[in-house]
């Protein structure tokens, strides 16, 4: 159910495009401003990961509209080098890049549901869902 | 781990019964230890631990009971466990701790 | 798109841009600015302050109530600034501790390392994976000139650093026993004394010791309260529990251990494990011992090392790559 | 003054109050609100959100630019919210690790505990204080039936958990040596083999072993690269360094240790220590060995245990109660 | 040099009084709003400590006006039970009361200089200085 538009990520500008589209969906779905900002940040992280590590890929959206739950699913897909050790990348506490808890653990925190599949050399697919409360 | 262990103490004459409910693991074992050890040091006390509502226990829990046993021997008090669920009772059997700790098997705990 | 600079002057610029364009680009830059500020330990109250200053500059006629309200907000952010500073402090402290633990874990690996001996007629597989960095399980093979094989398997109560410390005690004590004392029951009796003497009353260790004699084709063993292993009858394709009751090490000062002997037939296997294998938990559900056996059965036809590796991988996946207890599994198959 | 409640509704109330009164009471409450919010893991962006809502409610004619600007601020707070969540996570993880370490430290204490033996004619004082929770120094007394006294003193490179793990190795190995092998040089040679075999190449241990024979009134000793101790000549009130060169344990597979013998006279003292004593640092300045000797001299007239305690307290104060290395000091006085 | 007015701490209200006075000094000295807020928070913590653990005590202020530095010194004095283990109370990372990094380590972070003297049974004296930048 729901549409499934995608934004291709090839250059940094495309991150903004993905955020924009994601925010529009989020607004339509009735997310409040705080959640809109969180969703936009999650999209940024996912898109930036593609831009920085895979070169190209895409961010797709799916509206979840079931009887018991309503929300937005973000799907990030790339055919990049993949992640060798997922449990290390997802290690909570302090994130990759010496930087702050953004990166993937940050996305996981910002959203309600998070799933990652990656094969070394095959690429990565991440699904993250935020539910309307 | 946010699963808790509740400890209720019932005192009657020289008998003190600890009624436990929840899970005994590395996180909750200190709670049990804090409640149980002092009791084993009170002269002339019979300590009974009711495990009917304990559905999980790991080796950390066994450790607490071993130290309680050592302490009750040292202070000449008595210690008895009752109403163990099968999964918990198995631990005492495998480790043969049922040969040194009194376990009343006439009353079984439900699962 | 220029990269976002970390300075508060820049905040003013980005804010101004956003107020003019109201577009996503400025918000994207705000997010990057936010990330950088956290990394550089800039407190949120400072950002609020710059926000106030920027607003005043952009709108000199800013209602007094608005600027008052923002001062109030600034006040409410002070604890967040403290939390941020403690966060950075904890990160540093944590990473120091973790590197200390990883040095210790490496030492432990060197210390407890054992070589799978090449015993004629035996196919041996062994795997031991700690739940955290340090292992509270321990296994060791001792082969002597006569071709007998001693197998020690132990699990110390709890996990982590204290468990690892206790484990090294078993290792050194075992090393120190005279060569001629190889009887499983005697080894356990001696170790019980060492453990009882040296550790805290609430600490104990479970242990299994087995001795395979290729000449007589027998397996002698004794157990100190250890999780029972299995004997696999190849001809019947059936598992049988290896029963050997005995008290855990460290519970009483003196105790004796009964020693058992089994005759081992061709293609049969001895399967030894710790409770990290049998007490897997998936979510809130416990894996039953029968299910564990089924998984072992699925892989038992493989060479022993492949078999133990496969069983481990199966349970690792099942538990979402997150062991709750140290996991050790040994399979010994008689090939001839 | 009513106590501050943690709910965002309350924020609105406090803000309104502040805008009306502009006084310190409301700001005090804002601070308490801030503290509570952090404790309850309320993200700063949520506070900004409520702030915006409250402002809009209080001033329906709020300029669009102001509310836009606050949305921008909210966006800039998201990373702070993430940092706060990681902060809470790290706190929990840290306290778990710390309790693990404290259990291990207790185990180690039990493990390495040694009893100061009652040897006729000797007054013995000993103190060992770890810089962190776990001790990488080790000392041990062994008294046998003939009244001889063995004294082991070791310092493993580094501090903390890895050092503690290595130390327990020394302890167990020593325990396992046969009773008749009490010669300092032999003990060090044996230990060198154990250390070399079991630990990482970058790890090593310094050690001193001494054996006092009350019959012959001699002190035999050997050193594996250990910080030299002192011999105190009571009659001359002079210290003399106990020289005994030898390679640190674990550096090469085989090495031999020279053994020395001293005759001990009445009222003379043997002073053994680790480099945590001699390498004290006050701020950026190292304490010279002469200064250390002076301090020891100041207390040497006291009973041995009081003397070592006093020296320790002196250096503890000097270093602002913050040891940089494990500190071990032993004084043995011949009373007759 | 400088005046030395004090606020007695006997009831919770007095905490507000101490903040007020501290803030006035801070303003006069030319501290910015952020530092004013930090100083006020530090005063709160010190005063609340007195109120909660010592019963009564006082918060005094001293203006520092030297050639090379200018700032505000806060002095908190009580005759309460004292602190047995200072290094434990000052342990950084996570503070007393299971709560957040407020308490004394928080004060230390908020100010530029921090000194504490305490004797079990004798009371506690804390000096904290914030310098004008």
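Structural remarks
Chains: A, B, C, D and E, in written order; residue numbering restarts at 1 for each.
Operating definition for what follows: a contact is a pair of C-beta atoms (placed from the backbone, for glycine too) under 8 Å apart; a residue touches a chain by one contact, two chains touch by 3 or more.
Keep in mind it's a predicted model, so treat the numbers as computed, not measured.
Comparing the contact residues of chain C and chain D by number shows a mostly shared set, over half of all numbers used being common to the two copies. Across the two candidate interfaces, A-D and D-E, the one carrying more C-beta contacts is A-D. One inter-chain figure worth recording: chain A and chain D are separated by 45 Å, centre to centre, where each centre is the mean of the chain's CA atoms.
Rounded to a whole number, the gap between the C-alpha centres of chain C and chain D is 26 angstrom. Chain D and chain E have Cα centroids lying 31 Å from one another. If you average the Cα atoms of chain A and of chain C, the two centres end up 30 Å apart.
Within chain E, residues 37, 40-41, 93-94, 100, 102 each touch two or more of the remaining chains.
The residues of chain D that reach two or more other chains are 27, 31, 35, 38, 75, 78-79, 82-83, 86, 90-91, 93-94, listed in rising order. Shown for chain B are the residues in touch with two or more other chains, of which there are none.
Inter-chain contacts, as defined above, occur between A-C, A-D, B-C, C-D, C-E, D-E. For chain C in complex with chain E, the touching residues are 43, 45-46, 49, 52, 71, 74-75, 78-79, 82-83, 85-86, 89-90, 93. Every residue of chain D that touches chain C in the complex is listed here, in rising order: 11, 14-15, 18-19, 22, 26-27, 30-31, 33-35, 37-38, 44, 47-48, 51, 54-55, 58-59, 62-63, 65-66, 68-69, 72-73, 75-80, 82-84, 86-87, 90-91, 93-94, 97, 100-101, 103-104, 106-108, 110-111, 158, 160-162, 164-166, 168-169, 172-173, 175-177, 198-200, 203. On the chain E side of its complex with chain C, the touching residues are 32-34, 37-38, 40-41, 92-95, 100-102, 105-106, 109-110.
Within the complex, the chain A residues that touch chain C are 12-13, 15-16, 19-20, 23, 37, 40-41, 44, 86-87, 93-94, 99-100, 102. Chain B meets chain C in the complex at residues 26, 33, 56, 58-60, 62-64, 66-67, 69-71, 87, 93-97, 99-100.
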